[in-house]
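Each of the next two complexes has chain A plus one more chain, namely chain B in the first and chain C in the second.
Let's look at the complex of A and B:
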């Protein structure tokens, strides 16, 4: 237990890395879900996640002024809060599909990338303009009580919640993909779209379900971002988007398991560079340099399959 | 021969009219206040769209190529008159200079994104590297700004090659990610380097000077007092004209064709014997050099180099220009830069909405017109170089042969 003591710097940083990795992983899983099923890079994923954080904050503000937080028991309004954020994120996911993916189904594969980047800018700026004082950094409400299991700083409620939530959500996603009929349809579509259509799968509804699922996943990521950092800025989304995309690519873009490895790897690099003397300012830069080197050395990712272009 | 001459005379009207229209549009956009110029910009866009649909732009294009001596002369006269006409409004002149700089950047990106379909998300990084290079050289070593621009172009050209070389293995999304990462690395690192001022940047870059004629001072010109921005506008227009010419020649050369081929299908290009790596590197090098020149010019013009001018959002802006204007069409790209910078500077009063409007413009442009306002043209070599095309239509062949037989 000495190792888990409050003073152990290294273990503390390890914990930080795991939690940062959880956030990156969730965003990256969103990316690989979209890419796997529809072959598109949805670049506004990070912005959808930050939108989730802001909708949680907005809903909390409304709940508090309406007196719901005092009236209802804590678990109930917490669930309501999460529900509101999840519904909003899922709706935004569907909007993303309808506005920037579907119109470009037949055009070059770079069009959805550009249109989702544009949509990301729109989401970001909309938050900044219409959230009360949205351009300032926002304090995330203390949804998770402070304190810790057994008095260890490492096992604070926040840390344990973040890890457990990530684990449960990932488990749910995998069960959904493996066991449910819709999940199987998604996998079929990922393998071969035309064959899936011939086999009687409704491609439109599968695509929309994918974006609903992705939106839910990203709303959880938004919750984690708020809970981990405590303060959020409206334009953080692009950074999470690029980090999540990097993590997904490092892991192998169409592989959901790879996203977990990629997310953790990126977070570990970042945290361990930041604890080096004078490294804090360069943490993100080093992480991106690592991504570039990795991309050049192994473009298909850790778990990705190498594709050979045939005529 | 005499028949041809009269025909040429008759054709000289269209090029003159086109040049006049172009310069009038430019003048009014820059001259008017934002409440008038924004609707004016919208009118320009709608006019371009309708004229394009009716084929007027295509025939004006052809007429301008046929009567290109007159057209270029008219353009030259317009370029000389524009700064004089705007001399009472230094801010309008400033916007003009910015338009030229961003048009050069967009031309640089067009080599990669327009011609070869490789979306490079780091043009602003090259822009910044050009500015910082000349900043360091002129401030610390006392080199003339002219040499600073040349060295910046060489440095960014080499860097373009260095960035391009490892990315040859990647394409599509992966290339986008790598270039995005490079752009972010540039922004993150430059803020932390104390030697170049970190977040504060470097101030006090020397301005250009020809002998004792400093471009950074107001001068009298035939009795008209020209603010210093006018000098820079002349220089920027000259630079833009030269680089536009280079871009056109590259676009028409075998390099341009090879890049188009790579953009459409790499496997086919390889089968046709195109050295893909060489052509891609070429696109990165020349694009980098263009961005470097623009950056060095911008640095000396503003006499300030700071990290905020070269971040990811600027890259997005340049990408926006290429898409909005028209991929793989140097002229279209220039129009895109003009429209977006014009709108951007006139929207200064609504700075909070600027990025939102950018996002909306990009989305609408992608929805309604993914090929851009002035899409790429079929290269008309016969008209451009007066060379007999072997497989041309019969009618044109006869026309090309007839005058020779008459003599």
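Let's look at the complex of A and C:
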């Protein structure tokens, strides 16, 4: 068995893991963002991402019937398409906040957990009911041309696009959090809500911005899910929700950087357990056992901060 | 915000959530056209996946089943008006249980036909037995569903997974001459019984098992497994699962450049959904079998397809639609055999002894209620469509199946 070199087994698996990791990471960053700023676990994050995938498909269908794809140059309608999906996801993010989180601001943190699980079911079933033949598997349109750089199957346009998009999106999130005033306000709120409010930060607008940002991020995750697998089903969101949440927990739930490490780690565990003989049946189980081990041994996550509760 | 409003909000959200998740809800599409006339009414139940990932297979079966009774009601052959009550089993045992409980407590139910998923059938069989309502299974193929203990209340018009795998193995391992097989299946009871049944056949034909991988049926990512399979260099992959998983495997095989390996499986992947999930261009050259006989080849089959077409249903005929239609024919024949009053008790006896003519020829049941007509025929995906094997360019030699030596 050729292990190294171009097109070899190990390199191919490494690429599989990175691609899977990119998708988990984006969903996990969504989770961390919400948890970091508002201390809530938004369980419908995976469903928002899949909603993004379906928005893209729906918009593409409309564009195609309206003749826009033939009329406009490809980059223009592609940007328009992404724009539509991003706006819809951001709106769904804000709706999530207004319907399932804000009403429970002062109640126990179990409430938003439950309400976002319920909202996830609503999103999933709404797609199933209202998208044309929504309950059947759907083919994602080929938005990224087939072919590859230099003829290497691993460097297909799709793979390279996915890695670049993930990298750029994460970079944008970091710059936003680090450099912009709103980003700083979000970080301040993550550190200490009451103090942030006293310092004159408008908590409401920061919360809404967080959900807009999260929605945008998840719409990109939705695009990547569609582009990478080529096929989606309305109920795929729960899978990505659980994987993204686990990745965020491993990395340190409130730490956005930890989510990247967590997402990659989870993907690497899954892929490398899968390649053992007969291992595929255990891939998810092993990945979740790893999550449990992390929760027991390092509950704050890889990059999380230790919280000391004073009694 | 006050507490009261909070709880109202939460309750409303949860209520909407459960409402949408569709537990055993009655389906509007199932009510017969025309409505009851002055004849006395008897009712038959139908259960199948009308929501969820298998909704298209289940809805097509429901359409075929309802159509048979519409035709009966129009013909006036029976001094009764037969009403179909269609329920969703959502492919899940828990939804199926609530569906069957609704059916057995409905007044006037004399027979039920049900299920595409064996776990759903496993859940409803004891309930039908304890209520003495005959259940004719139209599409669930788990071996153990028909048995001496379940006879005569439980009968089945479609072949079991074992019967299907026997036919498939003969085609692939003997007629087409594939030798080195890798098995990928899902961890559901369907996947596991397929893996087992096909492995037995492989021993019979002396084929080599290169490896086995079982994955949860929610899995989307087969790339890691496929890279491993590529290294193992089999001639063919047996997929023991259903459309969505099969389609993902096939499209990811194309991505990984595995053009020289055949993908084949039993009727679980033999549907339009498979081609959508794989993408039409990727699906090319997939080999599968369908239970029954090719409806386009027989006169009754052509009439059935034309009638179905004329009804303008939103889903096309599925792999098991002819079976649900024939399950209806079995029930109709048994109703005629009752000669007079139709009761569930009489129906149990008459169904078990039935000789019904349908799309697939004559259906009779053996001593455990299994059909004695295990016909299946082979199909291959050609230019984005399932084409009967004999009619395909692959059989004439104009195209070659992947990996065929």
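Quick notes on this structure:
Here, the second predicted complex is superposed on the first by the 304 of 311 C-alpha atoms of A that agree within 3 Å, B and C clash if a C-alpha of one lies under 4 Å from a C-alpha of the other, contacts with A are read in each partner's own complex, and residues count from 1 in each chain.
One rule holds in what follows: a contact is a pair of C-beta atoms (placed from the backbone, for glycine too) under 8 Å apart; a residue touches a chain by one contact, two chains touch by 3 or more.
These figures come from a predicted structure and were not determined experimentally.
Shared-chain residue A:289: touches chain B; no touch with chain C.
Of the two partner chains placed by the overlay, only chain B lies in contact with A:245; chain C stays clear of it. In the superposition on chain A, contact of A:99 is made with both chain B and chain C. Within the superposed three-chain model, A:122 lies in touch with chain B and with chain C [touch as defined at top]. Shared-chain residue A:299: touches chain B; no touch with chain C. Within the superposed three-chain model, A:253 lies in touch with chain B and out of touch with chain C [touch as defined at top]. By the touch criterion stated above, A:16 is placed in contact with chain C alone, chain B being left untouched.
When both complexes are overlaid on chain A, the residue A:41 reaches chain B alone and has no touch with chain C. Touch criterion met: A:107 reaches chain B and chain C at once. Overlaid on A, the two complexes show chain B and chain C touching the same residues of chain A, namely 99-100, 103-104, 107, 111, 114-115, 117-119, 121-122, 125-126, 128-129, 135, 281, 284. Residues 1, 9, 12-13, 16-17, 19-20, 99-100, 103-107, 111, 114-115, 117-119, 121-122, 125-126, 128-129, 133, 135-139, 153, 156, 229-231, 233, 235-236, 239, 270-272, 274-275, 277-281, 283-284 of chain A are the ones touching chain C in the complex. Note for the complex: chain C touches chain A at residues 1, 5-6, 9-10, 13-14, 16-17, 20-22, 51-53, 55-56, 184, 187, 211-216, 218-221, 223-225, 227-228, 231, 243-244, 247-248, 251, 255-257, 273, 276-279, 314. Touching chain B in their complex are the following residues of chain A: 41, 99-100, 103-104, 107-111, 113-115, 117-122, 124-126, 128-129, 135, 238, 242, 245-246, 249, 253, 281-282, 284-285, 288-289, 291-292, 295-296, 299, 309, 311.
Those residues of chain B that touch chain A in the complex are listed here as 117, 119, 166-167, 169-170, 172-174, 176-178, 180-182, 184-185, 188-189, 191-192, 266-268, 271, 312, 316, 319, 323, 352-353, 355-356, 358-360, 362-363, 366-367, 370.
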